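Inspection log for the structure reproduced underneath, given as structure tokens.
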Amino acid sequence: MRKTKDLLSNIFTYLFSSFGIIILFSILIFIFRNGLSSLSWKLITSDYYETTYTLKTAGKEEGTFTCPTLTADEYFSYRYGVVLKDSTNLVGEEVVEITYIAEDSPFLSLINTSSEEIVSLECGFNISKIVMSNDIGDYIYALGRGGASNMASTMDTSNIITDMVASEGGGGIRGSLISTLYLILLTLIISLPIGVLAAIYLNEYAPKKRFIEIIRGMIDMVAGIPSIIFGLVGAIIFIPFCNNTIGSSGGSIASGALTMSLILLPTIIKTTEEALKVIPKGYRDASLALGASKTQTINKVILPNAIPGILTAVLLSIGRIIGESAALIYAVGVAIKDTIKINEKSTTLAVHIWSLMSGENPNIATSCAISIIILLVVFTLNVIVKLISKKLNKMEVK
Amino acid sequence: TNNTTGANITVYTRDTTSGTRDGFFTKIGFSEAKEDNSYLVEGYVEVDGNGSMIAAIKNDEYGIGYISLSTLSSSGLKGLTYEGIEPTEANVLNGTYGLTRNFNYCVRSEFTDNKVEAIVDAFEAFLTTSDAKTTMIEKGGIVSVTSLDPTWDSIKANYPICNEDNSSVTIKFGGSTSVESMAKALSAEFSAKCGNFVAEHNHKGSGDAYKSTQGSEKDGANYLDIAFLSREFNESETPAQGTYGKMCIDAIVVVVNNSNSLDSITAEQIKSIYDGTITKWSEISN
Amino acid sequence: MNNVFSVKNVDLFYGEKHVLKNVSFDIPEKQVTAFIGPSGCGKSTLLRCFNRMNDLIPSCNIKGEIHFHDRSVQEINPIELRTRVGMVFQNPNPFPMSIFDNVAYGPRCQGMKNKKEINDLVVDSLKKASLYEEVKDRLKDNALGLSGGQQQRLCIARCIAMKPEVILMDEPTSALDPIATLKIEELINVLKEEYTIVIVTHNMQQASRISDYTAFFMLGEVIEFSSTISLFKNPKNKKTEDYITGRFG
Amino acid sequence: MFIDSEINNVNGLIKKMSSLVQSNIRQAIGLYLSKGDNEDTTINDEIVNQYEKLIDEVCIDILIKERPYSKDLREIFAVIKMVDDLERIGDHAEDIKNFSLKLRGTLEERNPEIDIMLDKALKMIDDAIESFVTMDKALAVKTIKADDEIDAMYDKIIESLTNYPIKSHTAQNFVIYTTLIVKYIERIADHATNIAEWTVYIVAGIFKDEIQD
Amino acid sequence: MEQLLSGAKLATNSAIKRKTTLDKAVHGVLFVITLLCASIIVFIVLFIVIKGSSPFLKNYSIGGNLYKVNLWTFLVGSEWYVYPAKYGVGFIIVDTFYVVFLSLLIAVPISVLTALFISRIAPKVIGKALSYVIELLASIPSIIYGLFGRAKITEGVKWVSSLFGYQSAGGISAMSTVIVLAIMILPTITLLSLTAINAVRDDIIKGSLALGASPTQTNFKLVLRGAKSGIFSGIILGVGRALGEATAVSMVAGNSGSGPSFNLFDTTRTLTSTMLLGLNETSGLDYDIRFSVGIILILMILLTNLLLTLLKRSIGK
Amino acid sequence: MNNVFSVKNVDLFYGEKHVLKNVSFDIPEKQVTAFIGPSGCGKSTLLRCFNRMNDLIPSCNIKGEIHFHDRSVQEINPIELRTRVGMVFQNPNPFPMSIFDNVAYGPRCQGMKNKKEINDLVVDSLKKASLYEEVKDRLKDNALGLSGGQQQRLCIARCIAMKPEVILMDEPTSALDPIATLKIEELINVLKEEYTIVIVTHNMQQASRISDYTAFFMLGEVIEFSSTISLFKNPKNKKTEDYITGRFG
Amino acid sequence: MFIDSEINNVNGLIKKMSSLVQSNIRQAIGLYLSKGDNEDTTINDEIVNQYEKLIDEVCIDILIKERPYSKDLREIFAVIKMVDDLERIGDHAEDIKNFSLKLRGTLEERNPEIDIMLDKALKMIDDAIESFVTMDKALAVKTIKADDEIDAMYDKIIESLTNYPIKSHTAQNFVIYTTLIVKYIERIADHATNIAEWTVYIVAGIFKDEIQD
């Protein structure tokens, strides 16, 4: 009787928990399967916007170069001595990439159309178009989307390149990574002191009165508001506020940080309060009984012991900031940027994903790669915070 | 492997702010549904982007929808012949393929900054050059480049601003998301040709184009200097003379799942499908 | 014999609850006075009146007079009072900092800065609390690493470092094992040379063992206050007798 | 309450021991009064000694187990003391018996005061024990007072014995043995006084020298 | 007397006074800060209400016509069409509740039992690793869940619906929404349940085992029971997250224009997906009406939280 | 006299740590056996061997034999063993449910279903634990609302409801005040009519008061095992003597 | 250790009391031996009684404060008992003094055995106290054994006294007082035995009836 019941219960537990665990792992697997191939150091360090060069040749070139050994997808331009290859860039678009430039190739001495300076291309550059005009003034052009083969053969027609666009890099998330860090920093600078101080008030000073219960309830309510609402609030309050105060136009990291601060305050207050609650009452009594003032007690005894808890709050906050998209889409915007300023728009990694996914050509691979980066960041933070708080947790004796 | 017989048709549509949707319903003669879902067949699915559309129909062998021609080749979907005409660039250019729309642009009519104004002027001119047009083509636009088109080299003298260093000037681009990648390519190229001004792109949809340059939001937080539309201006959008223009054409393709045996469709059929007159695949014969 | 505290007709309420009822007696100087009585009879409450720790309980309301020497405690700033009237709690509660810092905490809070002075004070206090020998090699270690009994002696050292006149102890050994308890009892025996000690204890044997005077509380009243031996040998009051002979309840 | 039952137990033992001692002393005195005629006494001091040991042990057990305070402690303490007195009374009963036996057949003239003293001593024992059993302080005090009379009589009797006309060896024996018997009675009264004093101690917590009234 | 002096020397009068004043000042500052934190909710509600109530008060011109939304039809409406300004949120409320309820039905037993497994059954190392993984999953951007849902879950749902002989829109359906939501709240509920289960006092568990209860009995009769308040907190948080989740939901819900529909394989619409869909590009009435939906959403969340908290209290007794 | 447990040459290790060293003695039936000794000497550890609660500590490793009647405890299914050998812990640990459910918990776990039967059993157990009168009007109230002493008696009732032969108690009164302690002690005195009781206590007076036999432990060894009175009056071993007379440390 | 110092304190008191008692008994015996010549004794039984009371009180205090176990308890217990014996010895010293005074000037022939018995009794007291002070069980046992000799001598002396030729009133007084003195000495030896027995109890935890060599 008991045995069958136990057995049944156990079967249920194993079934459900393995179900849950499988689901959770399948998400991880999904992310890694799709994202791992796109994950590279380059993705993290490069700009989102490629550096674009508009170029032309110095004059008519007639050189014939000898073809190196080519692999599949590679094509050689005899006239210009470059090997072109069909490849994909970081964002997953098909591009034509230069994989070889012969010595003396004219591509090593092209002229920048605007500055008239000499530019030399390098392997790894992408060529997005080449425009030539023939003798009768018609345009002959080869485009990246036409493929390397087409471009190479077009180049080998005997015309002068009048307009050529080559680019380097692009598709990276450096900007978003930095702006994520900025946002985290700014948000914490705003919300952490306020949250911690409020928690101290609630836990250390607040009388046990209805009024305080109401205040607590109100703070709890904030925790229940979905982030999309905060997004709206950010859009109608903080964006104008920042525009008027720090000269931003439209959403900015600052307005995002203010919005995130609102979102995080309840979490920080709650977590800090939990940490404060764990501190034995004995410490407070002991300190006061030693003639310390309340302020001294808080400074010297309460706060140092709440640090692990506050760190947890920080961790939770960072996790939340990193994962948040709905609120930031409205409170900051979705424009990916490479140079990050606090009073300008930019995207966090999550919004970066959102941006990638909402375009005409959604890019799951890069999105998942960014997710992996997010996971790694969160994981590292987790580990660091746990290590630090273990180190700082004075109430635990090593 | 056509096993669609007898199955219901799932209708996919873009949301009402989409320029693609606008062009599609206008061209198939179902303008009522342009902005009003209530005309659509019961059980339609509204998706929020081209990518979602592709993903949805890829996953639904009974689905039908519409996407931009430029994304067809990479989408893995089957593009249907429309009124007997193959959806190709050539057919669009020669005017036989009817399901098309224009990519338009619109710039501010009033500027506070002279430099910005000068650069925007130059950009408008740049859009008429072969330089720009080849770039549009590279990004999927359909436009013919003829010897009549000037090169930027040939006209840049008219725009002395481009000889200056503009790296401290920010130009705000925005509007249609369909045009976004094209716009980015154009701005990147033009920036290189015009003193390296900073191009800031914030594309949220065609609806922004007029609104954020000359309309209600033109002085709002998200104002734009140059904006794009993937549709025509509607009655309420009345840009000032000389502040807007057509850039190129984009074709819309009716798409079905690759497993669907259907190859072609007529405007009439599409309308019937979208308004619910036809609900089963079996009712459409090739 | 001088009295350090003199309690006169004290009534104490927690909200509506009448917790101390017309309590009057004196705490003699440099003697150990023990408070005994059943749980909830108000022993700790009265003890907390002596250093105004009851101020921290908002619902607490005191009537009557408690004098510390010649001043009413209500007129003495609590911070001053608490520097002069130290307290040791039931559960050893050293701060989670080094042993040294624990002892230096109070003086530092009072603004003592001079390193040497602090150092001497710490060593001296630890010696007085008979802890110095056991911890002298690890003054920088976390105080929580000490055993329960050592922790409690540290708390006493911490208290002594304030150079108080009185040390209040609220069941200081109830969380300790018999060996540690014995050490604390011995310490109290030594400390009473220098300090006035008031101790709350559940343990009648402890009261009889270490105290010179004993106050027996019941339901908020002081039933009997007299010299410890006479209270245990020959209590005046039947209630006291019943309690100490285990004939309660 | 454990301690109540323990103390009851002790009291019970004391009572039993007391009545045994009382019976012993009565028999011994009876023997003396009957001039040694009544030979078959059942005086058994060994049992009294056993009781003494038992009560001591029980008291130690109580000290170990109950750790008494206040009246309980005083009671145990008093019992520990008192049991010695009882035992000594028992001893003396045996002694009186022995000397009474030696006086058997003597026709010497007995001092009638001795009979009175014996009565008084018996009364004192009874009162002392009664006062303990009932925890009657007044009776105990009365008992203590009574000892003065006994002492007075003792002096008088010894005096009279020194004046007893010794005409024979028997007379000499008689004087010596009677002296000892009287001495024992005096001791018995002392012990009874002690018992009464301990009773006062239990009840009032005061030692003998503090007893007034 | 010397004692007395030295005690007093440590605490000089002026220093004590300074301390006392500082204490008061700190108290005041902290109180103001706390009030500020508490007033956030007021600001939020105030702004949303101001903005969200204007569709019912003000006329908007659309295509030359003036529109104003009727509050009643808004509340009970069964259609949501941007043009011609047919805004009825009633069916969306029903659909939202339906979807959230079902997702809880799935997520709660799974999370609770997973937490139980991690805390009490799995070997320590594995349990620790798993709880790490779950913590990580809690911080994955929701759009990734949406992606996963659109790529994998819809496929599964499509397959299941075809088993029932029902043709779903490629799996985009209430069912997918339910599953995506369930997965999204899984880490939240699991983590909180885990905390609650871990917090069940060891001595109680030992007490149960010492009474001859089997470990399984102990887990189910005692541990889960003891943790129920924490589990409930997890559920409350989960409900909040499910109700408030926007990005992922709008990717798999299908955003049907009318309803309510209880068919799991039909498309559905939630309040958040309604707010999110096309929000970027709209203005005027269509923009403001989303704030009205926001009011509804806030109300719903606050109400459910209130209800659940009351329920928790009555169960917790 | 029969022995319920018989411990033979038991050595116990926690990992490398040798916690019980060659322990041998018997626990007599229907008697109270007390374990005393300094903190950490292994009293609780041995107690936990009797109902195999040590099984829950993975690092625990037992050598030697412990017999329950005639079977080695290692051969008895722990669930069976624990139904026959009940345990009461140091801190009262009632389950967070109603008083009734607390007592009914064990029997229900054994599969008892009949309402009436359960009801009778609960009432009976509460009576035996002398708690019934105090709680009969609020059997449906949460057990956590009881006072510490009542909670501990509830735990005893909960244990009795299993109709065990032996009740193990690990410092059952160390968290209680003197009055509650006295009640428990009285209860133990009553219970020993029916049950074999093994109790760990820090309190020598308690051991001397309520137990019939006492085992004195030190550093994992049983220094002396004998009748309580003789152990306290006249211990055989110098170590025992030093410990009980407070001459340790 | 508190208890150590407390017990030391008690032991100290016992020692002081003992030496007082020893000095008293020595003086009393000296008085007897000097045939009452040496009149200025400093025997003060009152101080002995004060000691008894003090030690009793201290023991009770220790029982209250220290709650002794094992040897400590036995020691306190034994002291409580023993102090009575000491006090009684003190009493008897006074008695002997008094009767010795009464024997002053008598020229009757003293039985030399009495002198030996006195010596032995003194030795017993000294040994008993010494055994307690040094906790010397062997010495205590020896002391206990010695009591048998005393008892034997006592019987013999009483016997001889009954045969003492009474020729005068003085002789009669002499016989009676000597009887009492001898009786006291016998009692003193008994009390010394008791002290030795308690010493054995403290050291070995066994009561007197269990003492085997």
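Note that the chains take the letters A, B, C, D, E, F and G in the order they are written out, and that residue 1 is the start of every chain.
Here is the rule we use: a residue touches a chain if its C-beta (ideal position, glycine included) is under 8 Å from a C-beta of that chain, and two chains touch if they have at least 3 such contacts.
Only a predicted model underlies this, so the values are computations on that prediction, with no experimental measurement involved.
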Third chains touching both subunit E and subunit A: B, C, F
Selected interface, C-G versus A-C, where C-beta contact pairs are more numerous: A-C
Computed distance of Cα centres, subunit G from subunit A, in Å: 102
For subunit E paired with subunit G, centre-to-centre distance based on mean C-alpha positions, whole Å: 93
CA centroid of subunit B to CA centroid of subunit G, Å: 128
Multi-chain contact sites of subunit G, meaning residues that touch two or more partners: 60, 64, 67, 69, 73-74
For subunit A, residues that touch 2 or more chains besides their own: 2, 291, 293, 296, 334, 357
Shared-contact residues (touching 2 or more other chains) in subunit B: 48, 52, 55, 204
Touching pairs - complete list by chain label: A-B, A-C, A-E, A-F, B-E, C-D, C-E, C-F, C-G, D-F, D-G, E-F, F-G
Residue ranges of subunit G in contact with subunit D within the complex: 49, 53, 56-57, 59-60, 63-64, 67, 69, 73-74, 77, 80-81, 84, 158, 161-164, 166, 169, 172-173, 175-176, 179-180, 183, 207, 209
List of subunit F residues in touch with subunit E within their complex: 51, 53, 56, 79-83, 86-87, 89, 91, 93-97, 105-106, 108-110, 142, 155, 158-159, 162
In the complex with subunit G, residue positions of subunit C that touch it: 185-186, 189, 205, 208-209, 229, 232-233
Parts of subunit A lying in touch with subunit C, wherever the complex brings them together: 207-208, 280, 282-283, 285-293, 296, 300-301, 304-305, 394-398
In the complex, subunit B residues that touch subunit A: 48-52, 54-55, 68, 70-71, 74, 130-131, 134-135, 137-138, 140, 145-147, 149, 151-153, 162-163, 177-178, 180-181, 184-185, 188-189, 191-196, 200-202, 204, 221-223
